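What follows is chain A paired twice: with chain B in the first complex and chain C in the second.
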Partner chain A sequence: MSSVTQTLAKGQAESLPAPTTEDFIVRRPSVLRMLVSDVGACISLVLVVLVIAGAILAPWLAPSDPYGGDLANTLKAPGEMGLLGTDGQGRDMITRLLFGLRTTLLMGFASVVFGCALGGLVGFVAAYYTRVSGLLMRLMDVLLSFPAILFGLAIAAIFGPGLTAVIIALSIATVPLMARVVRGSAIVVLQQDYIESARSLGMSDARIIFKYLLPNCLSAIFVFVTLRFGQVILLGAALSFLGLGAQPPTAELGAMAADGRNFLFFAPHVSVLPSLVIFVVVLAFNVLGDALRDALDPKLRK
Partner chain B sequence: MTAPLLELEDVTKHYPVFKGLIRKKQVGAVRAVDGVSLQINPGETLAIVGESGCGKSTTARLAMRLIEPTAGSVRFEGRDITHLDRAAMRSMRRNMQIVFQDPYASLNPRMTVEELIAEPMLVHGEGTPASRRARVLELLRRVDLAPYHAARYPHEFSGGQRQRIGIARALALSPKLIVCDEPVSALDVSIQAQVVNLLKDLQKELGLAYLFISHGLAVVKHMADRVAVMYLGQVVELASKQDLYRNPRHPYTQALLAAAPEPDPTRREAWNVLGGDVPSPLNPPAGCRFHTRCPLVQERCRTDVPNLRSIGAGHSAACHFAETVPTFSHAAAAREESPSRRRRLALYEASRRQAN
Partner chain C sequence: MNRLTALLLGSAAAVAATAAPVSAQQKAPLSILRVIDADNYDPIRSTSTAAAEALYMLADTLVSVDFDMKTIKPGLAESWKVSPDGTTYTFKLRTDVKFCDGRPMTAEDVVYSLKRWTDPANKSPVSFRGGQVKDIRAEGDATVVYELKEPYSDLLFQIGLSFASVVDKNAVEKLGANFGVQGFNATGPYCWVKWTPRQELVMKKNPHYTWGPPIYKDPKPQIDEIVWKIIPESNTLMAAIQAKQADVTYYMPYIALDTMQRMPGMQVQRQDNYIYDIFMGFKVDKPVASEGVIREAVNMAVNKDAIAKAIFFGKGQTLPALLNASVLDFDKDAAAKMPKYDPAAAAKLLDAAGWKAGADGLREKDGKKATFTVYGIRNDVNPRITEAMQADLRKVGIDMKIQLWDATVAWGKLATQEFDAFVMAYPYVTATEALNLYFNSRQAPTPNRMNWKDAKTDEMLKAAATAVDADKRKQAIGAVQAQLTEANVWVPLVSQPLWVVSGDRVEGVRAHGVYGAGLYKGLDIKLKR
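And now, the complex of A and B:
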């Protein structure tokens, strides 16, 4: 019996070709597939895609002119006129929301991208080159001591109020926060043996930073960026509310929520609808950010 | 004798200690490594042993120039590498590679095994993508891993497998010297043998030289050709493996050997020869650094610094009384009954009598 098994095994081993690498390549699910496999991530992905598409395609999707009001039909409730009613100037709410989304997303993206890029650079440099760390981080502390609203006021005073001023102010307010998060996690990563192994190979600093440091700090960065995106949208809304942001008649979700406050008791939809959109956008981006962080981590990919 | 592959001469590393918040004043220095001279010949294994904090790992990193020495020089194939500029050092690095202690921390978790092993070649601009891939597969086979492992990430492997990935990565550039910084101390004993034997096989095949850092005397006995014993940043004894294990001439080496766990339970009492802790390297004792713990301490040891001096062919020790130190013997140490054991036995007898 055993000899039979042996010969069988032997025969099999001889008849089979030696396995090649391609036979054993592990099929890893793609990042997209990972996202789709999670219900929350799936919903947030769809929402984010819809929101971005709506913002980009606003001029074509909007049923009417975002600036042309109809003063005979102001503060119409949803369903009464158009699907979602009209605002204080009789402008269609759907149109306003789509254009407002466009402005708000642009503001959010732009300030997060600029602020985090600069803050990330400062953070990595401060962690990697310990010589300049003290100077850079004290500089960041100075920035950190100013509230974002104050930046908004100062920059609006210099450039005049408007979207650009808000983006600049929010970018500057983001830089020190990002720098701290990045420096903190980069310092942890720099303690690891694999950084020393990279040095022992004679790798360039740029390669170490981009191949070793950045990928291993990605989780912290993702969490911060998605959280910050939500905060920036809310801060931008606050600045618009104070009249420092997008100027009328430009539609912006924060400014729209502010406009509606006078009619809060008899036409709540004017304030509630833009606030709801802000809520959904921020939530969707946060959930998606979390899911994306998990999907990009090889340890959590199954 | 052939020219040495790597030579450390009087290598010293002091870490300054600062005090004061704004105007920092240097108040002292941690003498991590204090005047170490060693030579490694091509194809040879030199082991460095010693307690935690004695400067073994710092010496290894100084040899690789991963940290800059405070003083002294490191020569590789006769060429002083202590002052090489970045570019020259970079091309030098392909000749010396390092294997780390912790296989869980020494591989970038975001890279696949293939990327990890191919990276040294990529960084040094060696080969084409296809040739690098072929070399990765060859190296994987060499360290007893399968080709399909190439596409996996480090976290999917066990400690022993990861350490072999680390070895494959170190081999990628065909170095002449591999510094092994406690390569098996983080592994299970059953896996240690596997990794140690792999290292030995590789040495035989490729003529590698190893600088082998360890605190495991059994592993060193198996691996090394020559052994350097370090204490508080200095080499106290340097000898061939046979001489060192059979005839240790420095009291510290004897204490280390006596402290090695004895698998025979009837002989376990020879333990605990050495009392006390290693003194602080911030303020090492005057005279012989070992005098605070030495069982054979004399008046002279407290004042005179003993130099590492030759006491036989290829055997040197840093002890004033190296020639006259009583010969160490496991058996002799075992037969002698320790007072602590007698005390415990008496206590045991007394309590038994009381119980009756």
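And now, the complex of A and C:
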């Protein structure tokens, strides 16, 4: 036993190089490794990828025309006609779900992109230029006090119902949330020494914002975007359910759920299937967002 | 002492509270479910079916309409005479009629009510239905003379509608704008108790009532209390009837009718003579809708039979002509001119007219795309009907954009010029009434939303309305039907059926349906328990 220990000790002493500064840094697992080690995150990541792929490839994957109805075969149960049955116009449910997913994701994506771009800009400006911070953030507070549904109703009343109205409403509802998140993390970053150094070197405001501020806030932005995506899809589906969103014959998951509610007792699949897809998509984005937050938060890293 | 009184009152209230359910159970009111409420219940101020269906029970009219929707029977008037020139109607009134408050009804009450309806000063949206009134006067206690400036062949049918209900002058003057909102007094089989808007309307039996129209077996009301409840969501309404929480409805979703028919004790009946038609009308002065070829092609491309069958779950009837075949003065020859379903012929017609299909499959002519926007009310059937039409029209290269609105804003939107076509459902009693309402140039922009302004139509409509001779009226209104059919101003879709569902506690229910009122006076209905 003791000879083994001695041998090992001797071997180590002979093979290990002398310790460097690198050896004193605690190595943290990478974001990807942390995500992969979380089963929930893995499943949600796979689901998100599948959902996005399904939406993009809908025209090639769908077994039939999403707009071609067949009134002789309406409300067929799953299995009776096609794998998932038909809707109130006799259209194949798989086709409608794929195209509905496409519209819903597009609506969510557009709203998040527009809302986050504008909200991010407001957040950075408010954090960097303290003179306008109060005014901008109070404006954001005012926006925050309006429910997204109310925005949707107001915008639909002005422009008429449709996808554009929903995207505008959801984008506006996203702006104040994004502005808050960005301002919060930008304020922390702005207190760092390297910002001070950049300023003392005479860098322009725009350069400081884009070169240092933005990259250092990216993790917070990324987490917010992922979580917000799920919320926006849910809100968009709710607005479409109320008839403010996608107009016929466009397939949209919320509108599809609304279409089926009149037959809830007789052909539940027409409402249940799109609702289930919304549920899965939102859950997947939320779980992924949570996992990303954990992975990107230094305090939570082991 | 005060404590003792409070204690006694409290105990009494507790006893009453425990006793109340028992007495309520013994005399549980007849519960009628519907999906929408009226804005008010003043006969001359509300045009809605929701008002009419309650007003027929709360008030009476001089004449009544039989179950065939064509025969006029006595009501408050025992008999009537029409002068040979068709301008003077003399009504002989019953003398045993009393208002809900017990006051006997006189000829003066009838004159007051009819003048209130027709006087332009009252700005009633339905005053036009009374015709060109010269004078309405009482002659003695039991005779009313209705004098017109020109003959009006529809008058008796119009006087049978709820708009011409006889109401109590004292109540109208006392309540002012709140008449039909906070209270009501008339001579109907049931009396106003309380209205909670968008919730319920409660009415109780008129104890004096013995003058029901002869179309019923028993002229007296049999039920002590009726509650009209609003359940806007059709699944909930269905569940309430199934669970026996309510007794009667004629707003049952069509998909549920077969299930209801199979339920023990449940009665499901259909009124064959019900006239409540769904059509799509074109604004004939809009760029694409103004093209007669497009309108004709739409009429040929839409599979109305499939819509009637699928959307109404086998309970609907295709509307093969401009008007319902059951209606008075329906013209068979005009109906034969309606284009038949033939999408291939529709495509050929469009090709021949220069509407060629583009790369996206959509037709265009002179740089103008074959696209139009349809407006309508978002209800249970319109979304499905319009979507089915949209799919049919896509097949022939016409793009129909659908914009349906919530009932609260729809009427405002339907009064604008924003749309090219609209989908509408409407009740009517005669061909002359329906076409005068929708196609007279005076009626633009609403209800003549088609902006149809044609001197020949106006002339024939007037000839029909003022005809003294029934044959001449039929001929004139038949000519209008032929002209409008050939112009394809409307795409007639479905005759909306009336199905009344009643539970096992109820007997004697018979579907009527004049102006959408499924139960009309509500007589002959009895509760078994």
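Here is the rule we go by: the second predicted complex is superposed on the first by the 237 of 302 C-alpha atoms of A that agree within 3 Å, B and C clash if a C-alpha of one lies under 4 Å from a C-alpha of the other, contacts with A are read in each partner's own complex, and residues count from 1 in each chain.
The rule we apply is simple: a contact is a pair of C-beta atoms (placed from the backbone, for glycine too) under 8 Å apart; a residue touches a chain by one contact, two chains touch by 3 or more.
All of these numbers come straight from a predicted model, not from anything done at the bench.
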{"item": "Touched partner set for A:Phe266, first chain B, second chain C, both or neither", "value": "second"}
{"item": "Which of chain B and chain C A:Gly202 touches, first, second, both or neither", "value": "first"}
{"item": "Chain B versus chain C as contact partner of A:Asn216, first or second or both or neither", "value": "first"}
{"item": "First (chain B), second (chain C), both or neither touched by A:Gly243", "value": "second"}
{"item": "Touched partner set for A:Ser145, first chain B, second chain C, both or neither", "value": "neither"}
{"item": "Doubly contacted residues of chain A, that is, touched by chain B and again by chain C", "value": "none"}
{"item": "Contact footprint of chain A on chain C as seen in their complex", "value": "234-235, 238-239, 253, 255-256, 259, 303, 306-307, 309-311, 378, 380, 383-384, 386-388, 390-391, 394, 401-404, 406, 409"}
{"item": "Sites on chain B touched by chain A in the complex", "value": "61, 64, 66, 89-94, 97-98, 100-102, 105-111, 119-120, 123-124, 137, 146-148, 150-153, 155, 166, 169"}
{"item": "Interface residues, chain A side, partner chain C - complex", "value": "67-69, 71-72, 74, 88-90, 157, 160-161, 243, 247-249, 259, 261-266"}
{"item": "For the chain A and chain B complex, residues of the former touching the latter", "value": "19-21, 23-26, 192-194, 196-203, 207, 211-212, 215-216, 218, 298-299"}
